[in-house]
Every structure is written in structure tokens, then in C-alpha cells.
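Naming follows writing order (A, B, C and D), and every chain is counted from residue 1.
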Amino acid sequence: MVRPTRLQDILYHDWLLPQEARSVRSEIRRFVDEEVMPEADNLNTCIEDAAAFPRRLFCRMAEAGLFGVPFGVECGGRGLEYPLCAATVTIEELAYASDGLAAIYDDHALLPGAALLHGSRDVRRRYLEPLISGSSIACMAITEPHAGSDLRADTIHTHAVRDADTYVVNGRKRFITNAPVGDFMTTLFVIDGAMAMLVVDLHASGITVGPPDHKTGNRVQLTADVWLEDVRVPCGNLLGEIGKGLHIALAALTWGRIVIGASGVGMAQAALDECVHFMQRREMYGGTLGDLQYWQLRLAERATQISNARDMCYKAALLYDRGSRKPEPEMAMAKYYGTQVAGDMARDAVQVFGGLGYVTRLGADGSTYRVEQIYRDCKVAEIYEGANEVQKRVIARSLLGSEYLS
Amino acid sequence: MVRPTRLQDILYHDWLLPQEARSVRSEIRRFVDEEVMPEADNLNTCIEDAAAFPRRLFCRMAEAGLFGVPFGVECGGRGLEYPLCAATVTIEELAYASDGLAAIYDDHALLPGAALLHGSRDVRRRYLEPLISGSSIACMAITEPHAGSDLRADTIHTHAVRDADTYVVNGRKRFITNAPVGDFMTTLFVIDGAMAMLVVDLHASGITVGPPDHKTGNRVQLTADVWLEDVRVPCGNLLGEIGKGLHIALAALTWGRIVIGASGVGMAQAALDECVHFMQRREMYGGTLGDLQYWQLRLAERATQISNARDMCYKAALLYDRGSRKPEPEMAMAKYYGTQVAGDMARDAVQVFGGLGYVTRLGADGSTYRVEQIYRDCKVAEIYEGANEVQKRVIARSLLGSEYLS
Amino acid sequence: MEQPIERTQERIYHGLNIPSEVEEVRARARHFAEHEVAPVVTAMEESPERVSSFPADLVARMAELGLYRIPYSSEEGGAGLGTPMLAAAVVMEELAYYSNSIAVIYDCQCLLSGRVLQYASHELKMSYLPHIMSGRKIACVAITEPDAGSDVSPASIGTTAMPDGNGWRLRGRKRFIINAPVADFSFVLCTVDGSLSMVVVDLKQDGVYVSPPDRKLGMHGCLTADIVLDGAYVPATNLVWQAGKGLRIALGALTRGRIAVGASGVGMAQRCLDLSVHHMKTRRLFGRALAEMQHWQFRFAEHATHIAMARDLCYKAALRHDYGEEFPEPETAMAKFYGTQVAADIARDAVQVHGGYGFVSRLGADDTLYAVERLYRESKGPEIYEGTNEVQKWMIARQMFGR
Amino acid sequence: MEQPIERTQERIYHGLNIPSEVEEVRARARHFAEHEVAPVVTAMEESPERVSSFPADLVARMAELGLYRIPYSSEEGGAGLGTPMLAAAVVMEELAYYSNSIAVIYDCQCLLSGRVLQYASHELKMSYLPHIMSGRKIACVAITEPDAGSDVSPASIGTTAMPDGNGWRLRGRKRFIINAPVADFSFVLCTVDGSLSMVVVDLKQDGVYVSPPDRKLGMHGCLTADIVLDGAYVPATNLVWQAGKGLRIALGALTRGRIAVGASGVGMAQRCLDLSVHHMKTRRLFGRALAEMQHWQFRFAEHATHIAMARDLCYKAALRHDYGEEFPEPETAMAKFYGTQVAADIARDAVQVHGGYGFVSRLGADDTLYAVERLYRESKGPEIYEGTNEVQKWMIARQMFGR
């Protein structure tokens, strides 16, 4: 299959990212072209079961040092000066080929990784180093059946009691990415009415992982419920201290929100590239689809939105790397706008491809179409890691002051 | 599963449909509630193979006289005074539960049925009567790999030569609904440089039906390529006359476009009903999701769009039944706007449901969510039976005059 | 003056269920608008809002043509039509096609005011309604106050009636009251004994002060102002229906008003479409008519669709009202918000497709007039008055969520 | 006068890569706009377009403050900034915050005109540029013609130069020329020997007729008119660069102009946002501040996002230009269309959230002024001039599709 021209190089001129991050982008793009693209179709169309987890690719990512991008050298990471900028372009490039793979990366390296930075040196040695080296698969466990965006001590039902040197944990987590193949999960729970965060070994007794959810898209990103029934966890596995659980979760989601915005940008760019490639070749009314002024102007609008979204993601990451731990409102803008653009672009892209944009696999010759995958993948990005409406609340708070937001 | 309240009865007041069509609606709704709803989940999530075709339900539709709705008594139909109005509400009600099933109905009864009305008495006896009785499964074959919206004698590659009393047909058709289980197809082809329409027996020698396409949605609607290789068709199977092929196809698509608009309305209404039901029950921030003003106002906009789309579909159907064989621009408006509303509403609906809106099947307990199905189903409606851009061209032609449309 | 150009309505819209008597009303209103409003609309809108610039001639002509009688039954001295609200909506549409100022004056004179009187005693009604229909007196309806816009509740209405002899003295301030600077009387929403009530106030008396007219974005031909009530006398017989029914009466009147305002949006939108189509066919760019540009073809195809739907929505709400629904919801709320939204949407594109000519009202070089800049200004108001579009959506949502 | 209110810019936008000298320019322009433009903008915009109403005082003050020198190097006698286009964009933003009329006058005086001169011989440049920077003479650029808007090709430009002695005689008509009624000279796109060329024409001579100013939807403080050339004399030395380079020069000037116009959109959008936030915090409805309504919170959160992105887009285009790109595409096209679109989008919602107050320019009751209705009118123009937004999208598409 001929891959479309990357229009990013023509339409976008970077004015924000440090050279370091641009180098990381080149490296990741090469990795994606060589390692991910040949398997992308399968990643994006597989059926969710534990066997679908891309173990070989996961190992290749580890070997190539991708999981070390956001971390310091002391725990095996790259020690970059602008780690979140680099992580942002990493996600963008992965999502260009497979948003499911980008989500695996996010939910393995970024979210649990950020939480583990709050752990003791021992915890970091036992969990963060294997995470970076790829010898363990990590999960982040925040959501529960009745607690999504609204995280409070009385909405979180997973709870623990202390018994000597261990916490005994009971509860249930939902939509836990990587759980069907995971080794541990950083887990938000409640103890004595306060929220806290704990590393739970998924091979421990009392853990049950449900069958993977079947989803619209992001197929290779396996999610499942996790039940915890009298699971005993050493007290040393506590991250930070009791009462700091929400803080740690939100700090991790700060990373998550920026990179999810970038995943939207990656998907949108891929869809745009596919459209232009297709339109230049598809014959219609004696010319090509690319001659139709309606689509020309519409895609020009989308290209503008994509450039804007990309700049906003980079800006939020750069503000963070320069020391702002809560780069608001840019972070919220990056998340909501980056993912909305993906949704807008994907809907148009399927329309451009017509019937071919709607097939997961053409019966006649087994063809698949990237835009169909993106249409299925993009919607979840508007939802996870803080639904876009939550982001708009955050922006409104910056704009109006918190006294107006009940 | 508790089914949501049908808000149509609260939000919409019919001022267009004749009593006859309202009675048909009541009848179809009862049929859908009793026969389709219990199987809807399976229809909407199955994997495309020939075994997935809902034979029992197809027979039940035949027994209940659904395939006779658009036709006169002389060929076994109901002989209604307003047949297209009745067909429109039939599709709307079917799509409320399963757009895939609505598409099967459309591509069996409406499109081939409309084409067969141009056939001789003998053809109607041999094909239309079994179609209505459900003893044959029909297909409409217009699209080819290189001809979609742009139908001209030199874009249609399927062609025939005459040999004594038969036409010898060669070519390839694409995205042919019902083909994997079909008995015959009304086929657009070219002979001596002119377009014509022919009934081709799918059990004839020289016919190969490809494996079903795998699609984003409308799963139970099986589509496939059909190859025709020296297929011999009796000349009596010609519909109308040579040179009238496009005319017959467009006449059939006149029915199709109006009902596809209505299928969008049915999907949008189902998604709206699901949202309101969910929002009234989902707890959040100490109240319910239904308390959030943002979603209240946004769904009010969607409800308005749905009412508008419904009225437009009924109006187009009524104009047709009153004698306008090309009810423009209403027909084009109904198709594009009805399906666009479905897309708008579906995207919002998944957003309202959050993660639950994104699962095809929740691993933990096997739950499925109607809004996820609608998000997958709705997109194709913006594409098939004349992409929405084609409809806008038609409207622009009404508005500006054809001299401005090249 | 405004040039009549080809109407595209017949190309993009086919009416169903429209009685022939309503088509007769449309023809009458259209003839008036085209021959009497269009020639003067530019002059009217170019002068800033002053009492002296009130289009009294046109207001009188509408009376002569019987337009104010359209919403009323024969028993009331009205036109006695089978579907009076539908006919009135069509009048609004045709007036707004050339001037939304005239449309809104019409709305206030006979739709809002007249509807209030239908809740009144026979005696009260008969002492005002004939003057409304004959146009001899100008009416207005005063609901909004400086601190209460769409929020109509006893706590937020500051205008109060204090007993005085066989009547009341009114104190308070009403804002944005259409027709106030020229009106003879006003229906005033106020509290009587703490409950919302509607009374008829003679404006030509001491104790009533009407501010100079507001200067507005558009619609300069209709005047709005504050009415300050500083002890104005209201005889007890001027209470409409009974004390405590003020809100119900206001909502009843606003139901007709909202349908009418939706229809005025349709009229403006149709004018924008016609002007744009005319321009697109005559203006050439890069060697082609603008009408050949696919971008504009599709944009205006979408607008045409929205106009067709908005028109049907207004007619449907009107017909349900005519068939006996006092509050035909949600169609009334939908018609108001959607009809006016469509107008503002298309006005923006109408200016855009006209390019530089869309931004000028009068070309200096040869004094040519262009109407779309006026429509751009005029169309924004209806998204706000008679209940903002957000309030309309909230009403639809309330119906949907059962609250 | 326009009231200064809290600026939300610092709450929703954090600049990156902005040199401190540019921030100094911003402070200077802002001080001028706030203290000298804001007090007179209402009076200026309320009077219809007349030659006598041209804001000559403000135009002179901008010269005194050195604002016209900002786009130029020290060698040219300019401010010699490191990033002159970025600084000029910031000036446009700050001027348009209070008055887009002043911003567009500034644009024509020193950005478009000055840019044309940078293609000229040293001698020609030095005989005009000092007058531009000192504000002693008013400049304008004449590209558009009655039958050629965005379409700039030799075939569509009807203004022609016929040889006459050591120069030419010009005949033709230019339309919508900003500053024309008060300008001393004009850069005129015309054909010389059939090829597009740019010449400088002294407007104070026989053979030049300037029409009365156009009456416009908004921006009454800036004047546009037709320039009729009926044998106006142009000496050969007044040819810019050389014959046949007219289009290239025009496109070069419009590159700066389009970035500047995008920035003016950002300024207007920011003003709309600030006024709306102020209103939402102070206006109460149903017992709550409007700012507590989730619907409006989300709408303005979206607008704030769009403004932040539009601002960065304009700065990025400006910086790429400052770093040496003569035609920094597609950012210039994106900045122009997106920056102006955002302004018109938010202006519509700003009027909406103000309710009735959004529709009045001057409340009759107490003469209170409201600026959003003016912004609603002002923001529509920039979607059209200096290349319509559709032309900008087409330029982006051309880049994308490789044609």
C-alpha cells in the first residue's frame, strides 16, 4: 500500500518545540514507519482478547527506549530537558499509525509512570525501572463503575483497611487499560475517608480481571474491569501519603491530557493525509475528487484546525517542561480541541472515501482503510482522561474565576 | 433492559402524514417492539458472514406483510393510497431498533421493488411477487468499484451483448446489499453504449459473490462484490427498455433517498431517547447528568433538528404520494439533513454516555449500549444512496438553475 | 429603494396544508410590503431613532388594508379567518422580508397586545381592541424591566400597583418597550398585592415618563424606550382577567409573539437568500459566475434547507395554536429559536458572498444601495427579544426532561 | 466613551517566543488606544462617513508616538526592531481592541503602503516613506476594481497606463479604497504595456476624482471610496520596481496586510470576550450571575480557546515573515481567515449574552453606551477585505493539493 505524503511537513512549521523534541520526533517517526506501520492494520482491526496484545511491538518499544522518554536517568529514563514535549510528539507519531498503540503507551508509561514518581526509591526500583525496561506491563486504575469524571472520597468505592504492614483492599475498577495483560496497577482508593494511591500487584491473590471490553475502536488497547477482594498490599507500596491520592492522579492526568490532545492531532493528520492522497487519485465527473471546490475549502478549514491544535498541545507541553506544573488553560484547551478536531476530521474523511471509508475490510480483496479506523478510534479521545466538557469547565474557571463554577 | 421512553410522542406532533400512514406506524412499532427489539443487540453487533443474515426475522417481516407496504394489490402488496409515506415510517421505526435491518428492508423491498415495477407482467410475477411474499431475497446492483455517485455509460463497466434470446453479461458490482444470501438482483449495465436495467438470477452460472465486507456498522446488512462472467440472462428480464437504465435506477433511488433520510431520523431519535433516559438516572456532582445546563440546551438543539428532519422526510414522501415523481428539493433535503442529524446526534450521544458509549460489549457483564451501535451505523447513511454532497448539488440546482452547475 | 428581485421561495419550498385564504393574506401583505414598505425602508433605517421618524404612514396603511384584523374572529370585529395565527405568521414573514422594523411594530400592535385582550373582560376588550384594529391608537406591551429580562417572576418584577380609590397607582420602570415613544396605552406586567398581574395603562397622563428612544444595532424604524411609571393611575376596570394571572397572560401573548418572531426570521432569511442568489448569478469572479462556485452552491443549499424547515416549523406551531392549543410546545420554542437563528446564519453568509458590497449600505460612487448589511444588523435582534434563544432551548429541554 | 474593564487576556493566554521589545510596543499601543482612541470611538463611529469626520488627530498622534515607524529598519528611518512584523501585528491587535477603523487606517498607512515601497528604488522610496512615517501625508493602496475583487489578473484589471512624454496617463476606476477621500497619494495597480504594474499616483491633481465616501455596515471612522483616474499623470520614476512586477508587489504587500488583519480580528475578539465576561459577572438572571450558567461558561470557554489559537497563529505568521519568509504560507492565509472568523463568531455570541443591551448602542433612558453592537458590525468587514476568507482557504488548499 502506498502511504500518503505527510502533509505536516508542508502545512505546519514548528515554532515552539526545542530541538531535542524535534529529534525525538524524527526518531519515533522512523520507528513507526519501520515497526508499527507494517502491523498497523492488525492493531487497528483486531478483536479484543488477551492474545491481541502486541507483545513483540511492546518489547520493540522498550528496546528502542520509548518508555524512557518521559523519565530521568536515575530510573533508567532518557533524562531529557523537555520530557513532556518529547512524550507529546511520541504519542502524536504513534497515534498517526494506531491510536490504540498510543493509548497502550500512555496507559503504560505515562500515567502509571507519573504516579510512580511519587513512590519511595524502593517502589521506583521495583516498579518504575521494570516499566521503563518493558519487563513489566503497567496500568492506571482510577475509574470505577460509578465514578468517572467526578472523583471524590464518597464516589470512590475501592477502599482499604490497614492490617499490620499491609493494606487490605476491596473494590472494583472499570475500563482499566492493559489490565488483561498487566503486571501491576497504580490504584486510587479510599482509606479512612481520604483518597490515596497504591501500587497493586495484579498477580496477587484476590485479584480478578474480567474479560476485555469490546469497543468501537482503539481495538488493541485492551480494557477490562478489575475486582479486588481482600487483596493484601505491602504498606511500602503507598505512593506519596494518605490524602494525596487525588493530587497524584491529577498530576498524572496532566501528562495524560496533553498527550491525548496530541493523539487527536496525530489521528486528524493521518485522516487529512489519507483524504488528500485519495482525492488526488479518485476520478469523478471527468476530473478528480481533488478538483471539487467544496472539499478543497473544507479541508483547508480542517488543516487550519489541525495546525492550531498541534500548536496548542506543544505550547502546553512546553509550559509544563519550563516549570508550570498546571499549565492552564492551555492543557485543557489542548485536550478538548485536539480531540475535537480528530472527530471533525474523521467524519469528513469517511465522507470523502464514501463506501470505502465505511468498510473495516472489503470482502472482495481484504482491503482496509485507515480513515475507517480513525472514525472508530477518535471518539474515545473526546471522552477519556477528562471528558471534553470537564476541560471546558477548567477553561471557564481560568476565564471567569472559580467562584462562578459550582 | 428497561427501554427508554419514546420522546417522539412528547416532542413531535404530526401534521403531515395521512391517517393510513399513522396506522402503519403503530403497526410497525408494535412489530419492532415485539419481534426486533429482543434481537436488536445481535443484529447490531454480529460479524458479517452469510450465517448472520436474520432469516427468521426476514420471514416474520414477510408474514406480517411489511414487504407489501409500498406495492399495489395486483402483485401481492397492500395497495395503500400513500405507499411511500407508509414505507418512510416503516424504515424510521425499523432503524430506531436496527439500522442494519432497515437497510436490508430498503435493499430488498424498496429499491429492487421499485425497479421491478418497470418490468413486464411476467417479470413482476416471477420476481416481485416472491419478493413481497419473502420467498426470494432481492438485491439492487448499481455501484461498481469505479462508479459510485457518478453514473454514466462510460463509468459503468458492467456490460452485455445480445445473443439470441439472452443477454450475456460481464462485469463486477460492489457493495451489493443482501448479495451473500440473495436470489436475484436488479442490475444496472451498459449495452451498445446505453444504460439499461436487468434482473439477474444470482444462482445462475457465471455469478460469483465475494465474501461479505466487514464494516464499521450496519453489521447485519451484508454487502459484497458480485462478479458476472458470461452470465446468460433471458431478454425478458429487461426492465423498461434499453437506454432507460439510469431513469429506472434514479426512480428507485427516489424512494431510497427519502427513506434513508427517515432512517437517520429513526437513529437520531433512538440516540436522543437513550441520552435522556441515561441522563435522568446517571448521578454526577451530587445531582444527575440531566441537571447540566450545557447538555440540556445542546439536546434541545438536537431535538429541534430531529423534528425538522422528520417533517422534511414526511413532506417529501407526501409530495411523492400526491403525484410529484421528483419531489425536489425536498427529497434531497430529506436525505442529507436526516442523515446529518443522525451523525450529529450520535456523536453527542456517545459523549453523554462517556466510556460506556464507547463499548461494543462491556467485558465485565456483557452489557451493550445502543448509542455505540448508532455511532457506528449512522455514518454510512451520509454516504449511500447518493452522498450528501450529491444531494446538496441537487438542492443548489433547484435554487440556482441547472445552468450554473457544471 | 429596495429592488424587487426574483424570489426563490417557489423554487425551494412547497407548502402543504396551507389554506387558500392564507395565500390570499400572503398576496395582500406581499403587495403592501413590495409597493409601500420597500420604497421607504432605506430612508427609514438610515435615520437614527427619533419619535419623529416613526413610520406612522405605514402603520396607518396596515390598518386600512385590514392587516391588524387578521388575528381576530368576526365576533371581535376581526377578519374571521379559519387559521388566524397562521395568517398572521405569514404577514410577519412578508413584512420582515423587506423590513423587520415594520414586522415587529405589527407584532406589538396586534399580536401581543391583542392576545392580552383576549383574556380581558368583554367591556375592557371592546374599549381597546377596535382602536388596535383601526390603528387609531398605538399599543405596546411592557414586560421587561432593567433587572429582569427573560426572568419573569414576582420576585424580579419591580413594578408595583398600590391601591388608590377605585384603582391603583403604578410605580416602576420598564425597559426596551417596543412602540413606547409613540404608544397611546400599554399593557403593563406588575404586581398587585404581591402577585403578578396585567393592567392597561393610559400613557398620556401625568406620572408616565417615556425616555428618548434607544439607539440600536438595527431596526431603526421601530422605537424602543424605557417607560417610567411614577404614580400613573389605573382604574380597577383596567385589570386584565384577574390579579395573579399576569404571568399566564404574558406567556399566552408571548406564545403568539414567539411564533410571529420565528416567522419574521424566515422572512429575513428568505430575503438574504434571494439577494444572495441574485448576486451570485450576476457577479463574476475568475471568469465564472459566483453561482458556479461549488463552495457557495453548497453553503446556500444548506441555508435553503434550513429556511424550508424553519418555515414549516413556524407554520406548524401556528396551526397547532389555531387548532386549539393555547401553548403549542415544543414547536413554539423551536420555531422562535430556529427561525431567528437561521436568519442570523444566512445573513452572515449573505454579507460574505457580497464581498465588499456586503459591507456597504450606500456606495459613495453612485449611491447604489445594498440591503444585506442592513439584514445582517436586523437579524441579530430576534435571537434576543421575546425570550432569548437560550430560554427557548431551555423550554424544550424542560419538556424533554419532564420538568 | 468606551470603559476600560478587566482584560482576560492574561487569564487565558500565555505568550511564548515574544521578545520584550514587542511587549514594549504593545504597552505603548495599548496606552494610546486606551487613553486616546477609546474616549472618542463612539462619537467617531456614530457619525456617518464624511470627509470631515476622518480622525485626523488620532492619525497624527500615531505618527508622534512613532507607531508608523515600527515596521521599518533603522536604515529606512524606522524603529529598527528585531521582529518588526510581529510588533506591527501587536499594534493592530491593540488598536482594533478599541477601534478597527483606526487599525485599518494604520494598516493602510504604514503596512500595505510601506511594504510596496520596499520594492521601490531607493530614490522613490525616500521620496514617500519619510512622509508615511511622519504622518504628514496619507497613503492608500488601490488594487480592487468594480469588476475585480479578489481576482487580480491582467485580464481583469481595467486600469491602464498610456505613455505620455516621460511618463504615463492613467485611466480606470478603483473601488473600496481605504483612506482615498483623504489620501495624498496612492499606490495603484494598473497595466503598463499589458502587464500588471504598480505606480505611485499623486491624488492632488487634475484627472483624479474621488467619489464621496461609501456608507458602511461598520467602521465608520475609516473612509472608503472610488478613485476615478481620468488621465492622471504619473512620471516614469514613479513606477515601483519594474513593469510586470505589479502582482508580485501586491501579493507582498497583502502578505503583511493579511497577517495584520488577522491580528485585528484577534483584538476585536478579545474585546468581545472581555466585555462579555464583565457582563456575565455583573448581570443576574433567575437569581444567578450569567457567569454561573453552564451554557455560557462552555460557549465562552470555546471562544477563549479559539482566540488563544488565533493569536498564536498570527504571531507565528508574523515571526516567519520576520525570519525571512517573504510569503509565509499557509500560516498567513490561516491567520487571516481564522483570526477574522473568530472575531465574527464571538461578536455574535457577545451580542447574544448581552440580551437587549447587546442590540442597543445607546440606551435612550440614560445614554449608556454598549460596545458589542458596534463590534458585531465591525467584525464582519475583515472576513471580506484583503482577500475574502474563501480565497484564503483556497490558498491553503492549493498548498495542500500541490497546485
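Note that in this section contacts are C-beta pairs under 8 Å (C-beta built on N, C-alpha and C of every residue); 3 or more make two chains touch, one makes a residue touch a chain.
On a predicted model such as this, the values are computed, not experimentally measured, just so you know.
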Count the C-beta contact pairs for A-C and for A-D, then tell me which is higher. A-D
Note, CA centroid farthest from chain A's centroid sits on chain C
I'd like to verify one number: the distance from the centre of chain A to the centre of chain C, where each centre is the average of its C-alpha atoms, in whole angstrom. 52
Chain centres from averaged Cα atoms put chain B and chain C apart, in whole Å, by 42
How big is the gap, in whole Å, between where the Cα atoms of chain A centre and where those of chain B centre? 37
Quick check on chain D: which residues sit in contact with 2+ other chains? 295, 297-298, 390
Residue ranges of chain B touching at least 2 other chains are 292-294, 297, 389, 392
As the complex stands, chain B meets chain C at residues 7, 10-11, 13, 15-16, 276, 279-280, 290, 293, 296-297, 299-301, 303-304, 307-309, 311-312, 315, 318-319, 327, 329-330, 333, 336-337, 389, 392-393, 395-396, 398-400, 404-406
The residues of chain A that touch chain B in their complex are 45, 48, 143, 146, 148-150, 174-175, 210-217, 223-225, 283-285, 292, 294-295, 343, 347, 350-351, 354-355, 357-364, 372, 375-376, 379-380, 382-384, 387-389, 392
In their complex, what parts of chain C are in touch with chain B? 8, 11-12, 14, 16-17, 273, 277, 280-281, 289, 291-292, 297-298, 300-302, 304-305, 308-310, 312-313, 316, 319-320, 328, 330-331, 333-334, 337-338, 390, 392-397, 399-402
Within their complex, state which residues of chain A touch chain C. 292-294, 297
Looking at the complex, which residues from chain C come into contact with chain A? 293-295, 297-298
